[in-house]
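Two complexes, one shared chain (chain A), two partners (chain B, chain C).
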Partner chain A sequence: MPYPKPSEAALPSSDHSRSLFPILFGICFAAAFVGSWQLAQIQPGLLFEAEGRRNMARFITGMFPPDLSLNFLRFLVVPFFETIQISVMGTVLAIAIGFPLSLLGTASLAHAGILNDLEIAGSPGRRLARTLPYVLARTVMSAFRCIPEFVWAFMFVRAVGLGPFPGVLAIGVSYGGMLGKVYSEILENLETQPSEALQATGASRWKILIYGMLPQALPQLVSYTLYRWECAVRASAILGFIGAGGLGQQIELSMRMFNFHEVVTLILILFLLVAAVDFLSARARKAIV
Partner chain B sequence: MTGQTAPATTILPLPPRSGVRPATLLVPAGILALILWSWHGTRFDLIGLLSADGRAQMLTYVQRLFPPDLSPDLLRKVAYWSLETFAISFMGTLLSVAVALALVFFASRNLVFTGVLFEVDEAGRPIRIARIGVYVVARALLNLLRTVPHIVWALIFVFAVGLGPFPGVLALGLHTGGVLGKLFAEVVEDIETQPLEALQAAGASRLQIFFYGVLPRVLPQFLAYSLYRWEVNIREAIILGYVGAGGLGQQIQIAISLFLENKLLTLILAIYLMVTMVDYSSAYLRRRLL
Partner chain C sequence: MSEPVYRLEVLTKIFDGTLTAVNGVDLTVRPGEKVAVIGPSGAGKTTLFRLLNLTVRQTAGRLWIAGQEIGDLHGARLREMRRKIGTVYQQHNLVPRLRVTHNVLAGRLGTWSLPQALRSLVRPREEDLRAAHRALSQVGIPEKLWARTDELSGGQQQRVAIARVLLQNPEVILADEPVSSVDPTLAHGIVKLLVELCSTFHKTLVMNLHSVDLALAYFPRVIGFRDGQVAFDRSPDEISDDLLTDLYAGRLTSVSAEDSPDAVPETIRSGTPLLRPQ
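So, the complex of A and B:
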């Protein structure tokens, strides 16, 4: 069978716009680059100026030797455990916020798919009543996660005072939004046959969720939650900078006091903590999946 | 959990139905203990937060946020600050890609000292040790970049080059460079070995194998990871405002400290818009470019 020559083959219409895309992309990229270079006040020369170099040298020489005195280490025990506690509690709160929201925000549970199609067919009122909570839940989740945890922490520090508690709330709210979004994505992408079978037997929506959906989804849900916990450990260290307790608060103090040899110790501890948590969570995930 | 059925001739003994082994109970108990310990340690005051008093306080705060300050003067400034934050995230991401690309190929063991390419290696012992040394140094450097939180990098660079968005760009670039470098290295180490083997069998030099066997396979994934990190970086660029890197973060800090709640809501809305926009363009580009 003779193949048509390339020129004879009808090109799909999208290929026309495809040829324009690289040019448009190039222009946008160049504009963003030039504009950002100016706005971000990029001046590589600054890195090589005498004063900057002196400051860097002071910083680097000040880092050594790291402060490993028993006194300082003992002083770090509480912030160290506080960082872990904030991450755990923050993740727990995030699950408590994210899971209910995700159920409302799962299209296949809330307003579409086989569980709903028959029941809402030809009834705009019922359709609206089911779509509205879905849209609301999605909006709340997206607001929770689009505002960075740092901004949340700032507001919660104002609201409940300094300490680990605002850190927990900040992680809980922003990670609640992220967990909720991913949970509902996981729930939406499940096999629908088990739900269909359960529905045919007359099972209620709760039973369909518990017996048809969660058993399928659980490994993925737990695995993603563990991954978020890893992120929460890092985040809780950062949030300390704005007074939300933990190691970050200590890093900030040591930075401000120019005690760079303490900063090195703190970063070392943070590294070990993050590595340990990564290891633990990877092991747990392997055990589950 | 294997779905096999036992052959009809043999009767397999049933697994002992001891669903409650002590070890299986230990995990939930441990998790519960961890949670209780954390609850206590973080002074998690749910009752206080949800009490009538706590709720009233939160409600007043939320009410004070409204209406957002939409005066043209502020909006103009917010637009500028948003662009500044965008610029920090954009330049920071580009720098991080440069940093990661500079290190990744030295930090991928299958390109440096092991695997198909080095199976029939005639190089002497010192050269092999030197290769492993290169790998270890590159990995250590990536770990260092990644471990130091970007906010600490930012403070370091504020020392070096003064306040402003530039230290923010450097901080994002180095920290994210470490993150991307590690992700990139995983991509490189996971590539299929057959194309490399075929190229090697055809007599291609290592450099040729790199350009024709490795790069074409890894670049799309590099791009996907970079775009994904850009989404993260737009959020981190906001955080960096706190240490004087300018942009929306700094203004948020000012607005919260000075109780300018209406202005705060405008800024939060701007963040929401920015983050959503970057998420969408990143997703769009990933679809288009890959």
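So, the complex of A and C:
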């Protein structure tokens, strides 16, 4: 009788090949956590000691009331727009750098998967011709994003002088690496069936990209790019510290003069700016879906 | 055209050196033929189709399409060959966020240049729109020209996929389980549509089917496929119950414990899919 009654049948056993990896990973993570605690000299108690509390209180009371005088605010109009411009131009440059790199650095377009199976099979030359640009693009994107914006800004200030331009370049290059990497990942994680169907009509990879992949990836690409724009606003504030203009430079000046009531005004303006960017981003995301 | 559309010689496909999906298949398909391929799930039918529409490359054996051997074909010549083969998939494989018209016009991507393709995406030409509308009329949904594809039902999307193949105007149409994900009541209509379109436009049709009934009803040539090989290759009146039982033997794991293990389940003949395709 080939069909045993359900109550008599032995239960299938769970997968016995439980890998060691999760356990090892857990041990390494715990060790790293404890080690980091030591190394970073974490002492939460310090935050609450009398001396620390006094200093913090002095710092905070120095900030209030914020300097909302018309004189000061009028003075901030130019840096305000500079910050916006730096963030926008920086993001645009990042897209211009990151998007082409991401296309080269997408494995499913370059050398892997069904879009390349027949093209490459049996020809090491063609495989190399496809893989080399991929590796180069990935390396360049990695380099761009691993060097901090700060360092890029330093370099560019040496090259083109002070002002907003080095800030734009610094954000453009470092964010270009980040956008490129994430764009690649988005494209690689798309469903492959539409691409397979388009390839079967005789379409080249470019046409498959434009008709099949980009329409599907668009919401994610836009979403991440808008997030990066928001980061660029904050980054341009930081880069202002090394002379890249905008609100950041004003914060640095005010801090140096210990005018904390001016600093808090600048921070408030920055906060409002980020909130506005947030709002615009949400609207744009809704429109794309 | 006296040359066969397809000629397979010991065609084999092995994945990762271990999984033999297609095992030394010899097959010839003449122009204008209508062939149905049936067999249990996991028999290798889909892999066979992916070899036939040049999506994957064979591990061994030889393949000729329209008299030309597919050896080291690549680049523009490979794409030209792919253009001659139209595929209808089980899960339509359309681009969900595009409008129906763009999905239908995508059938022309094999003939268009890149600038033409780009332009069509932004603003299709009048003559292209008319062609798309005509194709959608032939499949019964002309009003959906500008609808967004993901707003259509499964059966409607499958019709859009067929319209795409019509615009591609290939010499042979491969349909890989085109009705397995469609309402059973609509299945007959879609199979009949494809068979009639191929008759009208003198195209070769090879269809992978889960339902034995549909295969026997509409196709003069039925190939039984099992374990990566051709089990039989006959006309419907030469196919006995025994032949079908052997084809699907050992795959009846969805049959309940109450049924006698010796009887051939009625579900084979009635056309209801035995196993949900993966």
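Here is the rule we go by: the second predicted complex is superposed on the first by the 227 of 289 C-alpha atoms of A that agree within 3 Å, B and C clash if a C-alpha of one lies under 4 Å from a C-alpha of the other, contacts with A are read in each partner's own complex, and residues count from 1 in each chain.
In the analysis below, a contact is a pair of C-beta atoms (placed from the backbone, for glycine too) under 8 Å apart; a residue touches a chain by one contact, two chains touch by 3 or more.
On a predicted model such as this, the values are computed, not experimentally measured, just so you know.
*Asks:* Just to be sure I read the superposition right, which of the two partners does A:77 touch: chain B = first, chain C = second, or both, or neither?
*Replies:* neither
*Asks:* Contacts for A:50 in the overlay, against chain B (first) and chain C (second): which applies, first, second, both or neither?
*Replies:* Neither partner.
*Asks:* Using the superposition on chain A described above, determine whether A:20 touches chain B (first), chain C (second), both, or neither.
*Replies:* In the superposition, A:20 touches no partner, neither chain B nor chain C.
*Asks:* Based on the superposed arrangement, let me know which partner A:163 touches: chain B (first), chain C (second), both, or neither?
*Replies:* A:163 sits against chain B, while chain C stays out of touch.
*Asks:* In the superposed arrangement, does A:32 touch chain B (first), chain C (second), both or neither?
*Replies:* In the superposition, A:32 contacts chain B only.
*Asks:* For A:117, is the partner it touches chain B (first), chain C (second), both, or none of the two (neither)?
*Replies:* Second partner only.
*Asks:* Would you mind checking which one, chain B or chain C, touches more residues on chain A?
*Replies:* B
*Asks:* Would you check which partner chain A:211 touches, where first means chain B only, second means chain C only, and both and neither mean what they say?
*Replies:* A:211: touches chain C, not chain B.
*Asks:* Between chain B and chain C, whom does A:148 touch in the aligned arrangement: first, second, both, or neither?
*Replies:* After superposition on chain A, A:148 lies in contact with chain B alone.
*Asks:* Touching chain B in one complex and chain C in the other: list those residues of chain A.
*Replies:* The answer is that chain A has no such residue.
*Asks:* Would you tell me which residues of chain A are touching chain B in their complex?
*Replies:* 21, 25, 32-33, 35-43, 46-47, 49, 52-53, 55-56, 58-59, 81-82, 84-86, 88-89, 92, 142-143, 146-148, 150-151, 154-155, 158-160, 163-165, 167-169, 234, 237-238, 241-242, 245, 248, 251, 255, 263, 267, 270-271, 274
*Asks:* Can you check the complex and tell me which residues of chain A touch chain C?
*Replies:* 1-6, 114, 117-119, 121-123, 126, 193-194, 196-204, 206-207, 210-212, 215-216, 218
*Asks:* Touching chain A in the complex: which residues of chain B?
*Replies:* Within the complex, chain B contacts chain A at residues 34-35, 37-39, 41-45, 49, 57-58, 61, 83-84, 86-88, 90-91, 94, 143, 147-149, 151-152, 155-156, 159-162, 164-166, 168-170, 235-236, 238-239, 242-243, 249, 252-253, 256, 268, 271-272, 275-276, 285, 288-289.
*Asks:* Which residues of chain C touch chain A in their complex?
*Replies:* The contact residues of chain C facing chain A are 53-57, 72-75, 78-87, 89, 91, 93-98, 102, 106-112, 114, 117-118, 121, 161, 164, 168, 257, 261.
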